[in-house]
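In the two complexes below, chain A is the common chain; its partner is chain B in one and chain C in the other.
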Partner chain A sequence: MIQSKNSRLGDAVIVFICILLILVCFLPVLNVFARSLSDPMALVCREVYLWPKNLDVTAYTLVLKDAKYTWSLGWTAILTVICTLLSMTMTTLCAYPLIYQQLKGRKLINSFILLTMYFNAGTIPNFILFKDLGLINQPAVLIIPYTLSVFNMIIMRSFLQNIPESLRESAELDGAGPVRILVSIYLPLSTSVIATLSLFYAVGRWNGYSDALMFMNSNKPYYPIQLLLYYIIQSKTSVDAATQEGFTSPGASESIKAATVMIATIPILLVYPWLQRYFISGVTLGAMKG
Partner chain B sequence: MKKLLALLLTSMLMVSLLAPVALAADAGFVDGKFTETRHITVEIFDRSTDGTIADDNVYTDFIKQGMLDKYNVEVEFVTVPRWEENNLIPTYLAAGSAPDVSYTYNDGAIYTYFMQDAVLDLQPLLDEYKDLIPDLSSLLGEANLTWKLDPMTGTNYAICARRMNVARINTFVREDWLKKLGLAVPTTTQEFEDMLVAFKNNAELLLGADADKMVPYAMTEDVGWKANNILYSFVPDEFTTDKYNYIYFDDRQFLLPGVKEGVRLLNKWFNDGLILQDFSLYAAGDETVNNLMKAGFVGAFEDNWDYPYYNGEESIHYMLQQAQGEDAVYIAIDPFKNDAGVTKKVNYSTNDRWIFFPYTNDEPLASLLYLNFIATFENRLFLQIGTEGINHEVTADGVIKSIPAEAGRNKMSSSNNIDTTMVINGLDLGDPAKTIQAMALGYAKVDPRFIETAYALALTNGVSYPNFNLGDIAAAEGMSNVLADKRKVVLNTAINASVENFDAVWDAGMADYMASGGQAILDERMAKWVAAFGE
Partner chain C sequence: MTAETQALRLKKRYETRMHFKRYWTLYAMLLLPITYFIIFKYIPMTYIQIAFKKFSITKSPWEMAWAKNNGFEHFIKAFANRDFLYALRNTITLNFLDLLLGFPAPIILAIILNELRFKRFKRFTQTVAYMPHFLSWVIISGLALQLFSTQSGLANIVLKNMGLEAVPFLENSAHWVITYVFLGIWQSVGWNTIIYLAALTGINPELYEAAAVDGASRLRKIWHVTLPGLRSTIVILLILALGRILGSDFDRPYALSNTLVTSVSNVLSVFVYDYGIQGQQFSLATAVGFFQSVICVIFLLGANAIANRFGERGLW
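Here is the complex of A and B:
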């Protein structure tokens, strides 16, 4: 293909911008990584930028030796798997019927569902609701309320709508019912969107801490790892508390903070390469029609 | 039928009229003890301290057992994350699930809910049961019990915990640098400035290869705090009275007459290169400036009275010695004199947390007795110092020295169990001298002489302003964060200005501050003061 000078220049600019964006995302991670592996004194003297100085793995040994973190990591992993499976099941079961033209009140149902995207009750009504449901301080409060994301459901619905209707009709002629059609035809054709949405759900759950903070703060054994991380960082930086009380609570050292951040981030980062090949087709296909 | 309805309505009215009376008197309380076991829930801050469980340890057991034995009250603790109280307490109040005995530093939130009848008025309870809570009354005193007593309506929505230690802000300098340069400890503002200049001019001698990292005076964007003693020394002595403290409401004293001249001096220092040049970039929680101190590049600064010494092996004191040798230490000094030649500074008032009962509390007497129980000297003494041999040891001269406890049920989840003893902040051994000695020994890796000096200087000529509750300031509603941000902007832009532009920048900033609500609050406070006490 022959390219004009202009388009080559355009490509160069795009590549340059992409590289910049990559650096903006990657360098802070590298910095935290370097800090987690450096001697605390080097951190204090501001000598650590992108490469560890005086390699020191004490922070990692300390964090990994603490049963609190290892248990929380394991629990968060289990929680993520449960939530992802459950969310995908519910998302599929919600999206699938909505592609049937003959579903009565389809538009109404769609509008009701859509409404929840724009109007949210807010923290206090949610708190009261969960309290009345007996969910406060129960691990289930981390699972049930966020089982379905409307946004993800719409992506799923659009994706399913893009699968030719004739496939469904021929299956119907062969005598297959809606469930059979879903399992044997739609799901095998939807691997990319399933992978993508699973990733959305998994990352959301793994990174989430505010629900645990509001609704489950008295149930320590079931703290997700991000909430533990939040506490470690807060206890060090809560200057308001220090001024109120006239003294400062001791906090974790900077290298321990960095090591905890890395330990909480690496597992979910490792998931990306596995799902990457589905990722782009999954998101864009869903976006074509909606 | 009509008669029946009328009867029903009348009886309902009677019941509703009688309800408040029923709330006040508690017939089940006989000879100092409830005849049937009562149950209350009590808030406890949770700092997620390693090796502890905030609501399940030796101390919570002590309280539970003690309350059951003494009053026949069963206590259940409810944890609230320390750093989230501002979000969680209002949520709990709105949802009707706040613990029976709750506390927060955020009195604004309690007031908001009090206005909506979601918080109990404590004054009738305090009046009715005052004979049953002698220890609480003697610890807090009338001032703290009635801190929030409204002079017009007679309502009182919170009890104020007692702050024992009112030391606030100190000035610190590098003792080893003074010695190296043959300088005496500065005793005036001018000598302090000369010292900063000497630090700057001798950077090579003091820091060698790191000379370019020299910071004679360090601060952060919170100038009002990080230079508080300097700025307050510019306030004429006649304006350091209760009246002006009440009217010029800002908690960093930034509105008082004279402060502008203090800021002008900081502006000059900044332009002379004596102040950390990018100080405005460092917000609360940023460790950069602390790290500069730990690394040994900072000559002087102001902060909490014991700032360099707390936090053991993570403290500025200890890390600095690791980086620069044993002699490298910060000492507290007290050079800034006002126009009367006095090193006057602001100390804390005796107020601490706000304790309140939500409307869902149906055991007000048991709740007050709870407060009395933890205010009783022997009880709070145990809660503050723990067990001998585990949490503290007694030195040869009879001083209590705290020792770090092993992780587990005996370890305190907060310093002196501040979270378990909601009525008090700060060690109290009964004898002030003993308390100070014990406090000085309580800093791991720090020679007690530094603490004793710092404590004494922080209190020298310190003013601890009393509370004047002259009613609500309508103009202040919802303004505190806005004005605190504006204050930061005014101070930071003024110091960063060139010397010639200083007046213009300061005046413009202050005009904006006043127009944004500052003036309205000042006027209202002035009017309230005049109405209560005259000119």
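Here is the complex of A and C:
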């Protein structure tokens, strides 16, 4: 009897902690959301907490009217799609041959690749290389240098390794070559890992800003959204969008900043919950084998 | 040479040829990734020699003249540079605090989630807890400004309404360090529980039943069944975390920093960016980056050796 009372108390404590966690994770985003939809005057008067005060969508219309911002948003979307497709192709090309136990030189190739995970040359040698290759300030510098992540490759490889070898052997007996087996057996069975890794690559590209800052800083038209956001957020004065429209009040720039942050965040918030099942298995797989 | 060994050799050669004939497509597939690794990972490694040389824009790294002091000029310069020493100190301080406070957090959270009996609520909690991981550091710095700025931040508005003094969360050095560590935990704690939760599903439920028969309370079950079940995962993640103690992420400190706190927020990666890419002091910045990579590898190997010594399964 005492036991069950105790455990009910324990349950209550645990639920309480979880509710606290949910609030801590969610309230900051809700606060910015409320600010983005509030009347700038209410922001100046510090009256906005978690719910928009005097609902006002001008901040959003202003930001979405700003050609620089919308172009950057669209460009980053295109960039993300290109990078994800390219990265997935490279990851598959790298992971699939390595599951063939009989491949000669497989161990050597494996350690050749793994070494790059533990030791990297550093920012400046990369910078000099990109300079030699003529990539500096070219949009291509955001696409090519980071196409293949060893960590993601390992996840893919261990997933493919878990597919029963008997399937492959029977296909080989029927005379199918490695490419045919990849296309008609392995890829159709790998949708979950493909979804996971695509999410990882896409989020990485969508959220990345440091490569653009370091290697493409003078090419303003091709700034990815996060770098543009970085400059908007860091600027203490109002954003371009605000000045263009003749908005100079501090409240307006506050709500515009909030709106720019929300617009870049919403796509990810809409996508990730649907892929939860997949990325959990992806992380687990990576942890077990990595 | 006997006919037998010759026949054996011929057979082997034939088998090799058959192997390549059968699997050449696999090698063809690997061609692109391997080229990628050579160009973007291994060639930059040869460029590390810039750290030991007199940099010249017109020459390739192989042709540059050696730097003074047997090539160690730039390393000596770095250690005499105040900004570098600050960056080194800040990197160690911030990473140490991350390790001290950020490492146990997901373990505790995973145990709490594991104790949660309501399946749907558990799933919802997890979904919300994973969310910050998907936000970029630029976005998080935006959120942090809206929450913590002294004038208009939500936290300070609430504090003021309660009649308390405003707290300079982002403007004062000591406060900034705490905010930095807290935001790091906020961003990663939910995501990092995934691995621990996966390890927890591997624990044999009979162990819990046996503990219940013995009359163990919930806390005792956590102590005697759950934690031992997590031990090997904790060890491996701890090794990796120790390997990163001198590593520095760029995105997080650079996005969260502001001009008032650079004395505590400038870490090695930011130093490399400031001196190398901004200041064009390529040799010095390469030297610092190389120093950092080497220390990281040493720490990783060291932590792994210690773990193996204590009978745990390490990385290798």
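Here is the rule we use: the second predicted complex is superposed on the first by the 235 of 290 C-alpha atoms of A that agree within 3 Å, B and C clash if a C-alpha of one lies under 4 Å from a C-alpha of the other, contacts with A are read in each partner's own complex, and residues count from 1 in each chain.
We adopt the following convention: contacts are C-beta pairs under 8 Å (C-beta built on N, C-alpha and C of every residue); 3 or more make two chains touch, one makes a residue touch a chain.
Keep in mind that what you see is a predicted model, and the values were worked out from it rather than measured.
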Contacts of A:V32 with chain B and chain C, given as first, second, both or neither: second
Touched partner set for A:K220, first chain B, second chain C, both or neither: first
Chain B versus chain C as contact partner of A:S253, first or second or both or neither: first
Which partner reaches more residues of chain A (counting touched residues only), chain B or chain C: C
Which of chain B and chain C A:M41 touches, first, second, both or neither: first
Which of chain B and chain C A:T123 touches, first, second, both or neither: both
First (chain B), second (chain C), both or neither touched by A:W206: second
Shared chain A contacts, counted only where both chain B and chain C touch the same residue: 43, 46, 123-124, 127-128, 213-214, 234, 254
Parts of chain A lying in touch with chain C, wherever the complex brings them together: 3, 6-7, 10-11, 14-15, 17-18, 21-22, 24-26, 28-29, 31-32, 35, 43, 46, 49, 90, 93-94, 96-98, 100, 102-104, 109, 112-113, 116, 118-129, 144-145, 147-148, 153, 177-179, 203, 206-210, 213-214, 226-227, 229-230, 233-234, 254, 257-258, 260-261, 264-265, 268-269, 272-273, 276, 279-280, 283-284, 287-288
Touching residues (chain side chain A, partner chain B) in the complex: 41, 43-46, 66, 123-124, 127-128, 131, 136, 213-214, 217-218, 220, 228, 231-232, 234-251, 253-254
Complex interface listing, chain B residues touching chain A: 46-50, 53, 55, 78-84, 87-88, 90-91, 94-97, 105, 163, 165, 167-168, 225, 284-285, 287-288, 291-292, 294-295, 304-306, 310-312, 314, 319, 322-323, 348, 352, 414-415, 418, 425-426
Complex interface listing, chain C residues touching chain A: 16, 19, 22-23, 25-27, 29-30, 32-34, 36-37, 39-45, 47-48, 50, 61, 109, 112-113, 115-118, 121-122, 124-132, 134-139, 141-143, 145-147, 152, 154, 157-158, 186, 190-191, 194-195, 198, 217-218, 233, 250-251, 254-255, 258, 269, 272-273, 276-277, 282, 285-286, 289-290, 292-293, 297, 300
